[in-house]
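The chains carry the letters A, B, C and D, assigned in the order they are written, with residues numbered from 1 in each.
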């Protein structure tokens, strides 16, 4: 047995693939399979055991999977399919083959550039004068890719930075003046999930040192992926990792409990439907926060899609890996489900859900349109 | 020792490529810092490709196309300029000089102009210094 | 036939192979030879299955023949076979509390199967410790206590009902305790039951 | 059921719970708390007139809430005892201004609101634990929509529907439109064979229950389209395969694959199952007008209470652990206590009955002779050495020791009550108590022997017979590898581990010492391990004072089922041992020897 095979058998073992009972529940729950694409996590798993990962079915599978985690959630045997896919991608990358990226791999170029020690970004320009931030301190707000998204997806007219601006306003309102770094490096979530583990480790090291150099002890973030990356992946590669990671929803929930006048939230007489993020609901098990917060906004009427209770349907893409007909089909399904609720507003947790659904609505959706807004901005609307 | 500047020049297949082959015929040397890649049209060099060039350690990228009224494909130079503007905004955020990516155009016989522009571009990049991105 | 004079310790050591369960990892011969050299050990033997009838007979014969007054059985867990070997000793006239076991299977060969050399060394050490202990053992007399001829059955489902009936039919007093207002348990809720497809109540 | 109710030698105590079991095999003292029924169960003729006048309507739990009953009710027609019962929490009371209607209705005057709860004391020789099981609650597995779709029901609800005595008189009807479904789908393994939701084990009965259900459906509704979604059909019992084939022969479709999700058509209230047919590798959508979730079985919610009361042990899945899985499958590790039915593991009626007969036979085997021998491991007091301090009386979990401080009468052990844990011997300050077969000298000779050669390389471990030694055996049975430096010394209880054993070990050059016993609540000797904990804490304090690293003495609780944990602890001990230098060991030795000389 070569080292290469050994590596594969270790992956199979550690992700519990041998434990598969062949019940097919993963496939029955999979958004990709539901588009009609021949796609079965169960079958792919047994193919890997039988034929290794160079089997054509497996190779297609590796890059078509959304790693949304719905199969992991359903699997009675506790098989870690998403991580299995991630590790197979990693083998692919390590063997020198290029990954199957969307947007020409531009996002990955950005992430890798940001891992250069010498880089000095200039990304704080979006912060309005009335928002108070610090350049050093214990609490940091981690912006994430938002400024880059606004430039890169200019044609979609997204104004993604409003998520950060509104987050900062909320923090100020909670008497927190957070650090925002001009040279904030990417959280590396997508590098990790696209299989570039070495690239992630390099980026994480630079990022962590930078953050620590600014005296930071706690990171607050509004992005589910940044939240997941810092709380789950960083500790795997950074020895002695000791940053407290808080998602802004936790902070808002806590503050809502503290404030006697419920933040003085004003009436928002709207009907809204919710879109969960995979990283929050499947990976961090915190899908309730979105509901708790939106439930506190006076006048806001929440109408959920039928799937929301059993774990939301994917936004069609993750980690900037692939984006083809099945992604669009998933996005259309998700949009149609939102439209069917008759809501005025689709509220998202994750910036990427927002981008993906907005893109599909603009280019493909003839069934009507719905305003898409992130939860933080909606909350800030009620706060003004 | 100071590291040498690395410049990537994307040359459109039509007028710029004629200039380039013309340089060879006239024994005009190409600056050692310049690496040339032939593309079918300047518009082929998309934002992701430009970013890829910088990711891999290019200190400057020059897109060499045709004059607008001379484009074989119609809209090449306009699209190239748009891609460059787009990329420059990203370079801004990354803290890299906007002029590290530029567009020039030539008619088929302007070999000498291409040569001097290449030299000038290299000199300009030298004033910026090496890119902070380690490829 | 050797006679043991009172006060003199005469120990017999039996190293069991348990097929390959022990012998597959531990060098049983080496362990037996090692034990042979220890103080007061009169005989030290290997056996393929010491818990088998011939195995037990071997111990009994040796007790009689060599006047053994202490026995060490190096085989499996005492939780499994201590009663077996106590009985064997007892039948051969040796007080059952003068027998000690060394657990070479559950706590040596099975858990160190990848390290046969270390396992053999450990096995020797375990036998040695058992021999040290057996030297200090004293005969004991067991006490008899009366048993109340009545039974408590906790739970009035199908199992509890059956147990109560069996005991009561055999003449014992039974107290059947049920949390709910009626006995019957889940069985009472079922319609027909497999495999006979008849009524459950 | 009727037989047991009428049997002259069976006393049926309903609405009753065992609250304490003391004593030992052959001589258990049991206390039962019997709740007031508020109806005289001997006088009640179950005429049912009382219930007609009762104004309180409640969901009927026997029918899974599919019908209603009153606050005074009979659980089901064939109930034993055949008597009505009042639920005092629902009843409006006897005050004639407010209610009291049932009292008026009952001509025999069986209803007695003054009836009080009673404590009943029993003396028994043996105990049979037949506490049964609970059924899995599918609410958490909501991909099947049990909380959202009315036409998704459980197998227990199905059971009541198809029962001729049930709320629909045996008709299967949909809750949404009260008509028989034209198609029905069963989903297997709901709450079974899952590492996340429900139990990791096969619940044993659900496959055959579904097979039975399909046959009954085909008998009542031959035209009905019946499908079963499954992982494996477990039809291993006598006659089971035959029944399964009959079901297939009737046209029931068995489709290998569990649905990933169920969605409801909002108009028809029909259900759409998305499922990968793993025989064809195709993703299929199946329509069903009704879905039945075939529920698994789980340990009773109150299993822990019974476990602590009877000092039983459980396997990792929460069912009670038998003394030996093959050779003593109905015995508990506590002598005189036996298992019957699903308390020990999920099983069907036949197996429950078989096991019940087996355990009653095991119980009779003990009771038949009229007396039993007690292992000679009890405590003996040397009256000359006893200073009548009374510590032994305080620590004995069985109140087996008596002494008279005032009259200076030394300690005396009631051998029949002593179980041999050895806590008294470990605590006695004058070493006046000897444990038969676990004497100080016997244990010390083991310590000395183990540490005679290469002491720095040994991991000396004291293990109690019931939990940690059994845990080590379980690690062995599971072939879990751990460092070979481990040496176990078995005592009946961790409470036997005298502090002088530990000092002796360090004196002889032990780098580390581990004391291991049962988890709190699991202790075979009620709570003797609490004294172990206290003793170890004292030793830690002393170690700190002497400048010996307290980490070198570890205390761990390992149950009989925790083989994995045992091997993990041993690996941890090996790591700990590696941190102890030879200088450190030598320093400790010198220090302790000096101490000894000082004394």
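By our rule, a residue touches a chain if its C-beta (ideal position, glycine included) is under 8 Å from a C-beta of that chain, and two chains touch if they have at least 3 such contacts.
Only a predicted model underlies this, so the values are computations on that prediction, with no experimental measurement involved.
*Asks:* If I drop chain D from the contact graph, what connected components are left?
*Replies:* A, B | C
*Asks:* Can you pull out the chain pair that has more C-beta pairs in contact than any other?
*Replies:* By contact count, the leading interface is C-D.
*Asks:* Among the chains here, which has the CA centroid at the largest distance from chain B's centroid?
*Replies:* The chain lying farthest from chain B is C.
*Asks:* For chain A versus chain B, what separation do you get between their C-alpha means, in angstrom?
*Replies:* From the centre of chain A to the centre of chain B is 36 Å.
*Asks:* I'd like to verify one number: the distance from the centre of chain C to the centre of chain D, where each centre is the average of its C-alpha atoms, in whole angstrom.
*Replies:* 25
*Asks:* Using CA atom averages as chain centres, what separation in Å is found between chain A and chain C?
*Replies:* Result: the chain centres lie 58 Å from each other.
*Asks:* Compute the distance, rounded to whole Å, between the mean C-alpha positions of chain B and chain C.
*Replies:* Chain B and chain C have C-alpha centres separated by 86 Å.
*Asks:* Chain B: which residues touch two or more other chains?
*Replies:* none
*Asks:* In graph terms, with chains as vertices and touches as edges, which category applies: line, ring, star, complete, or other?
*Replies:* line
*Asks:* Got a list of which chains touch which?
*Replies:* In this structure, the chains touch in these pairs: A-B, A-D, C-D.
*Asks:* Going by the contact rule at the top, pick out the chain C residues touching chain D in the complex.
*Replies:* 77-80, 97, 103, 105-108, 110-115, 118-119, 121-122, 125-126, 128-129, 131-133, 135-138, 140-197, 200-201
*Asks:* In the complex of these two chains, what residues of chain A are touching chain B?
*Replies:* Within the complex, chain A contacts chain B at residues 103-106, 108-110, 112-114, 116-123, 147-148, 151-152, 154, 183.
*Asks:* If we count contacts the way the header does, which residues on chain D are in touch with chain A in the complex?
*Replies:* 142-143, 145, 147-148, 189, 193-197, 231-232, 256-261, 263-264, 273-278, 281, 283
*Asks:* Flag every residue of chain A that touches chain D in the complex, lowest number first.
*Replies:* Residues 21-30, 33-34, 36, 38, 40, 42-43, 70, 74-78, 306-307, 309-311 of chain A touch chain D in their complex.
*Asks:* Quick one: in the complex, what on chain B touches chain A?
*Replies:* It comes out as residues 46-49, 51-52, 54-55, 86, 89-90, 92-95, 132-134.
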